[in-house]
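A, B, C, D, E and F are the chain letters, set down in written order, and residue numbers restart from 1 in every chain.
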Amino acid sequence: MSFNEVPRIVENGRIGQVDATKIPRYAGLGTFARLPEIDDVSDVDIALLGIPFDTGVSYRPGARFGPGHVRQSSRLLRPYNPAVDVSPFARHQVADAGDLGVNPFDLEEAIRDIEHGSRALHERAKRIISIGGDHTIALPLLRTMAAKHGPISVIHFDAHLDTWDTYFGAAYTHGTPFRRASEEGLIDRDGSMHVGVRGPLYSKKDLSDDADLGFDIFSATEFDYLGFAGAIERIAARVENRPVYVSIDIDVLDPAHAPGTGTPEAGGITSRELLGIIRSFKNLNLVGADVVEVAPAYDHAEITGIAAAHVIYELLSAM
Amino acid sequence: MSFNEVPRIVENGRIGQVDATKIPRYAGLGTFARLPEIDDVSDVDIALLGIPFDTGVSYRPGARFGPGHVRQSSRLLRPYNPAVDVSPFARHQVADAGDLGVNPFDLEEAIRDIEHGSRALHERAKRIISIGGDHTIALPLLRTMAAKHGPISVIHFDAHLDTWDTYFGAAYTHGTPFRRASEEGLIDRDGSMHVGVRGPLYSKKDLSDDADLGFDIFSATEFDYLGFAGAIERIAARVENRPVYVSIDIDVLDPAHAPGTGTPEAGGITSRELLGIIRSFKNLNLVGADVVEVAPAYDHAEITGIAAAHVIYELLSAM
Amino acid sequence: MSFNEVPRIVENGRIGQVDATKIPRYAGLGTFARLPEIDDVSDVDIALLGIPFDTGVSYRPGARFGPGHVRQSSRLLRPYNPAVDVSPFARHQVADAGDLGVNPFDLEEAIRDIEHGSRALHERAKRIISIGGDHTIALPLLRTMAAKHGPISVIHFDAHLDTWDTYFGAAYTHGTPFRRASEEGLIDRDGSMHVGVRGPLYSKKDLSDDADLGFDIFSATEFDYLGFAGAIERIAARVENRPVYVSIDIDVLDPAHAPGTGTPEAGGITSRELLGIIRSFKNLNLVGADVVEVAPAYDHAEITGIAAAHVIYELLSAM
Amino acid sequence: MSFNEVPRIVENGRIGQVDATKIPRYAGLGTFARLPEIDDVSDVDIALLGIPFDTGVSYRPGARFGPGHVRQSSRLLRPYNPAVDVSPFARHQVADAGDLGVNPFDLEEAIRDIEHGSRALHERAKRIISIGGDHTIALPLLRTMAAKHGPISVIHFDAHLDTWDTYFGAAYTHGTPFRRASEEGLIDRDGSMHVGVRGPLYSKKDLSDDADLGFDIFSATEFDYLGFAGAIERIAARVENRPVYVSIDIDVLDPAHAPGTGTPEAGGITSRELLGIIRSFKNLNLVGADVVEVAPAYDHAEITGIAAAHVIYELLSAM
Amino acid sequence: MSFNEVPRIVENGRIGQVDATKIPRYAGLGTFARLPEIDDVSDVDIALLGIPFDTGVSYRPGARFGPGHVRQSSRLLRPYNPAVDVSPFARHQVADAGDLGVNPFDLEEAIRDIEHGSRALHERAKRIISIGGDHTIALPLLRTMAAKHGPISVIHFDAHLDTWDTYFGAAYTHGTPFRRASEEGLIDRDGSMHVGVRGPLYSKKDLSDDADLGFDIFSATEFDYLGFAGAIERIAARVENRPVYVSIDIDVLDPAHAPGTGTPEAGGITSRELLGIIRSFKNLNLVGADVVEVAPAYDHAEITGIAAAHVIYELLSAM
Amino acid sequence: MSFNEVPRIVENGRIGQVDATKIPRYAGLGTFARLPEIDDVSDVDIALLGIPFDTGVSYRPGARFGPGHVRQSSRLLRPYNPAVDVSPFARHQVADAGDLGVNPFDLEEAIRDIEHGSRALHERAKRIISIGGDHTIALPLLRTMAAKHGPISVIHFDAHLDTWDTYFGAAYTHGTPFRRASEEGLIDRDGSMHVGVRGPLYSKKDLSDDADLGFDIFSATEFDYLGFAGAIERIAARVENRPVYVSIDIDVLDPAHAPGTGTPEAGGITSRELLGIIRSFKNLNLVGADVVEVAPAYDHAEITGIAAAHVIYELLSAM
């Protein structure tokens, strides 16, 4: 073997992961799951896009290091997913599109950067899973989605509603993307919901505003009574056969499962519950997704990164 | 805005948190939940009292840094609690009474310091939630409670019984407060119980002694079969309409949820289960509470501190 | 008391733990649970054997420090187990046999070292619980078991199957012990199973190979639907009254519960679930066990070590 | 003692620290060095001002948590400084002015907030030591200084020049404050210098630009040959008797001494060297200072925070 | 090799370390430097004694875990010391005497425990090096020393004087041992000194009191001008040929070198400087020593523990 | 800008780093210093080669993750090195050759893999700087060097001699590469030396063996008396104008500067000293280099990784 030959698994004509029986998993420049870079493949079905940006964060910053951390934490992923009997990298051509270069000093320009970048990528890739970055990025990503699909269903996993209005006069932060998206008509108000919401709010009006913006809520406390099977049922009933965008703030997980995030709230769901719900999405029409708010400086032993990587793997399997 | 103007939320005439839309949550000297200090308000309904003391610890010390850590971890709390539809800071005037100055070198004097301090505070505040500190502090706090209410029900969340007798000849340590309290007649022996107990004991006699001292047990293994709904039911049946003091050792949580504590035991409950139980206490007559044994040197990314802060928030909401 | 007098609990003629009411739990050279070293007792019923070895690891190394870390994390264990009403150190003479000296530079010699060492120990002790080290060690331990009992049932707790074939041409690694053991006829193919398996595989064939090697699977996702009570039932039905060897890879736990391991996978089980299952083994005929893959460099506040220590304690109680 | 009586050291009529012989150092809401809050004293000589802001950071964010962390790390400071035979809190009335509320989402508004806040504070306090926050804050602070003193000498400790021009089109970031300050005429171009600079630059032109902007350089490599005594001499010769503003980026220290910062560079100076230089400033005319770029999420055991706290203590002693 | 055969290096008839070419350094129950336990040898020249106690600590507790941590950090030590051309374990019979069981709840009883324990050990061992534990332990150790040698020279390495009087009314804490020792006549007031002192004091009187108690000071700032060669000279001149006890608080090192301690002060000395000084002690008449204040919960990657282990190794070499 | 356009600095026709004014330093798949991958350039002057391998480690493993960690820690490097007035990426075409795929389970095969890989790379690149991995890798790298240059001078920075013979019967480990290299005739015995050696040895014979193998020693203790200027002089005198290979074990640094390594020894040199020495190598004829033994699991805030990245940067500048 030459000094830098990279043997890859190829299945169904799709170029997959670096072959771990020949190159150890800890070796090599790390794309997501050691998949090919986008310029090394053609006909991309699903692209993974890093969006290292955290200027919209209101508390602990650091999600700008999220994409690299999630990639590093994804090295153990293997090709076959027995939970849903799918080999996602053989069924779709998946590729890592690298990171968008986003302006860290100007929120509005950053949002434009992300909108343009994701639109450009869509010309190369049928679907995109974005890796944040903070939740601000969901707004430009939804603009790109809506430009393609019209107002779409959003399934939003989060400890928080993210439908607040302004913060320090700023309309665009990680607490407001879904209000802005609803106001801009990007969201299907009959098919959208939050899952895993918990913790205190500013006021009771947050809830009525949120409903007016078109969101249903399956809160974390409902998991106690209905389990994640209940969540699956409610999501399916809400979404029906609409095109769906899934936006996952990693803080939907309990801080025990995801310490590495910016605004943690006790009483969250487990990684087993979250993965179980996502597996049910194979029955939905997923047109895009993001996984956001991984803040590596607060992570330990990559447990948050690994949870995010598995979430992305299940999203890929469900697509 | 002047250099140190501190805009606060005022609701129902009660002075609440610093307004987070004007002063970021990470800014400012940190009282609990960014509430006012006690000297800045009158007619205090509930006071939060730090008791930085850990000389009673038998294994990992460090809970002396607990009050500051829990305050720091409480900065994200917001005013409205949707889980129980309550705005705790608008319903009660809540204030931070700071920390008691307790002698770290003499256990018995420390206990006197705490008893005197808590009595003095009770002249200013109707109810107190204490933030430990190790569990030794529950004894003087129960003396203060009993002086006011007579023998009271104690709901004690802990991995351990804390009804041991002596340790190295010391009668007063973090393993003995509830034996001493029962012996001193501070506890209603018909209305008290432990919740979440697990892990090995010294001997079978620990259990019979404990029963003799007036405690019922809902163990962590019972959560497996009866769930936290079972715990809620058992607690309600045990307590009835008695005045109740709630004492929460954070090690009742599994080490995954609360690594930052002195004597962790595997197999604990989750923060979601604990918060769920506390929410049910809105139906009880809570006269006081403590949250103890947060040892920050062993915490990670404040997950233990955040769990403790949410527990206190739910106690405030339930009062 | 002399400078190094070590008072011990003696019950039923069995020499037990250092008396924690006289020597604090954090003091003294640490054997497992502060039990006697093997040379200080006779008639050993159960020996604890450290096997500090991690050359078979494919991802994060460090389990060579596992035995010392688990011992350090076991200092809080006490003599009486109320969950199963047993005093394990009074019922059996348990002793710490120290660590095997294993060659870190030659996998095959290391396997011979472990086989010889465990056989030699069996001449002194009726049963052995080994503390890894990586999972490679299960193969020589099963050789020792099979030499004594013939092909035996194996209950294998793990996120992974560990029945892969070769890796970089190496037949003996931490991913292959159960394939090798089955090929060598060490395992009862009608009485063995994996519990807690999850996460992606190399291919669908991994599952059929695994079945051919004689393993049944109770996956982590089945916990979602059947609970750990379902696992208990399935294990009992599979094992019947065969002699059973229990091999526990700590990564069967979710990374939230066991960050300190080499190949973590999201979506695992909780320590409460794992301990609950092991308690049910009092009804089985346990002839040996191992607990492996604790990698301390990735642990935090000993939470992985404490989980492992409690697992061993329940194994001792079940024996 | 009442529950919240706070006994303080009073010397020369100046209200000093909480008395540590009565209230343990780990107790109480933590102002810097447990000094009084500004509203509790009159005639403030020196005010400590937290500026929790990090939106100008180009790499690791997190300095928004710097002020709180430095305060927490300052609890061990005592009243008398034997190295320079000064009791700083008895010679000056020192007080903690709390934190400025600064907009995290808009760099230019934030700079205005800081300029206004520091001007307002100067009406109450003769001198200010600011605790960052990232280095962006030096610009508005220098505007306030220059408004009072005219162009002033700046002694700037840093691994970096911080005289870069723009970054992503942004004129105001943590890499540009001294270029902007020089352009705005805030700096005395004959009396300013950098100390401790090291590590790679964008180009050789950075050096000539920097000289044109009025800065002399004493680089970290010069410490190897001239020692910190050499630095003291060079600084004194450069500054003469001009009014001096000292701006200390904690990354002037080696990462071994200050891991908790945003853009660490190997080969830095030690805390002993830095403290030694600052002690020599008792001979200068210090009119203000800042200590910036402490990023707690990357600190360990508060070593960066403690270094910063000691630096501030020596600045106070030198004033 | 049997399962627990422990091959040891034997030189000059002295039983030394476990042979690292046969048992890896990370294996086995860890005595200091893998030396024999005291009961396994006769004619002990130097005993290492752990004193796990930290109730005298005024700030960060945790030194109770110090002895175990220093032992764990000493596993890499080898038999021959080239810096002074000595094989310490071949020249003296060195053995690990384990830990004293000390009451954590009663300071005065603890001091008696330590005095009795160290006296009893002196009947077995000619010299003792104690591993703390907090600095309170120096007082009873000096009582034992003085009982044997009369008032002796003390070379005390520390950031602090430790000659304070009382704290919260307590005469015996980690800040007072050398005042008490001087008052009790245990110290040769003409031959004692502090090395490495730095940081703020309570008042100028601390210095005059300290001088009255018989101590000379070589402060950390003197290292800047005289280097550690200056310290060596000053120590030799002070001590002459008196019997010397060396007491080393690990916080004499800069926090960069020793983060794992209870009251860290910036501006300390390096491990290279400290080791260099101790090497010069081969010319002194060392009769005993202690190394204290290692607080593992604040250590990182054992760097504090390793520094302490090397310090002890040089003390052994110098004896 | 397209979604994945990567603007690069090009100077003197050489393709350099990603332009940090357009793509933030934390963004993008991370090659060393964000330089191009080798397949994206022609005429490579210097290649950086990761060798993720740690099976030769005798104590703490984990250096297999070293190459990725050093790359991640190199993101802040900029193009111009003012300390030596060189723009290394403009003077040479530097490229990242990725990682060699090395067998982790068979030391001898791994050594062959590395020898073959480095030879193959030499056909593409004039010089190689390897990033380990443990020190075992120096042997095959020296074979490649000697094949090209004949026996060469080796300047070896390390706390240890690495000229031990065998360990557990293994001839090839991280403690033996320079003995093997000398025995194989790969080293110029008149021009080789160790720098920074310290800490205990197995026996005095280690030193005479080492001299016989052709090494001179400049120990860490000599830094105390001769400074790093003394080291520079001694190295230059030893090497003269021979072709030189520089092998840097990061543990030559004190653990305060490099906690993230496998066999740390107190009393090491500082990063400022090490960088200062390497800068002097611009006068030597450097034909190759390696930087080894970075073990990320023990690093904190990347301080070890950053030190290694700066070391490599100075090596590149000196070439």
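Note that in this section a residue touches a chain if its C-beta (ideal position, glycine included) is under 8 Å from a C-beta of that chain, and two chains touch if they have at least 3 such contacts.
The structure presented is a predicted model; accordingly, all values stated were derived computationally and were not measured.
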(request) With one step meaning two chains touch, work out the least steps from subunit B to subunit F. (result) 2
(request) Could you label the subunit D-subunit E interface same or different, taking same to mean over half of its residue numbers are used by both chains? (result) different
(message) Need the CA-centroid distance for the pair subunit A / subunit E, whole Å please.
(response) 54
(message) Report the inter-centroid distance (CA atoms only) between subunit A and subunit F in whole Å.
(response) 39
(message) What's the distance between the Cα centroids of subunit B and subunit C, rounded to whole Å?
(response) 37
(message) Quick check on subunit B: which residues sit in contact with 2+ other chains?
(response) 22, 24, 26, 58, 60, 64-65, 104, 167-168, 254, 256, 270, 298, 300
(message) Chains as vertices, touching pairs as edges: which of line, ring, star, complete or other describes this one?
(response) other
(message) Per the touch rule above, enumerate the chain pairs that touch, sorted by label.
(response) A-B, A-C, A-D, A-F, B-C, B-D, B-E, C-E, C-F, D-E, D-F, E-F
(message) Quick check on the complex: what are the subunit E residues that touch subunit B?
(response) 54-58, 60-62, 64-65, 103-107, 109, 167-170, 173, 297-298
(request) Under the touch definition given earlier, write down the residues of subunit D that touch subunit B in their complex. (result) 1-4, 6, 22-24, 26-31, 37-39, 49-50, 52, 64-65, 67-68, 71-72, 96-102, 104, 116-118, 120-121, 124
(message) Looking at the complex, which residues from subunit F come into contact with subunit D?
(response) 21-22, 24-26, 75-83, 85, 87, 228, 254, 256-257, 270-273, 275-276, 279, 300-303, 306-307, 309-311, 313
(request) Would you mind writing out the residues of subunit A in touch with subunit B in their complex? (result) 58-60, 166-168, 198-204, 206-207, 219-221, 223-224, 254-256, 259-260, 263-270, 298-300
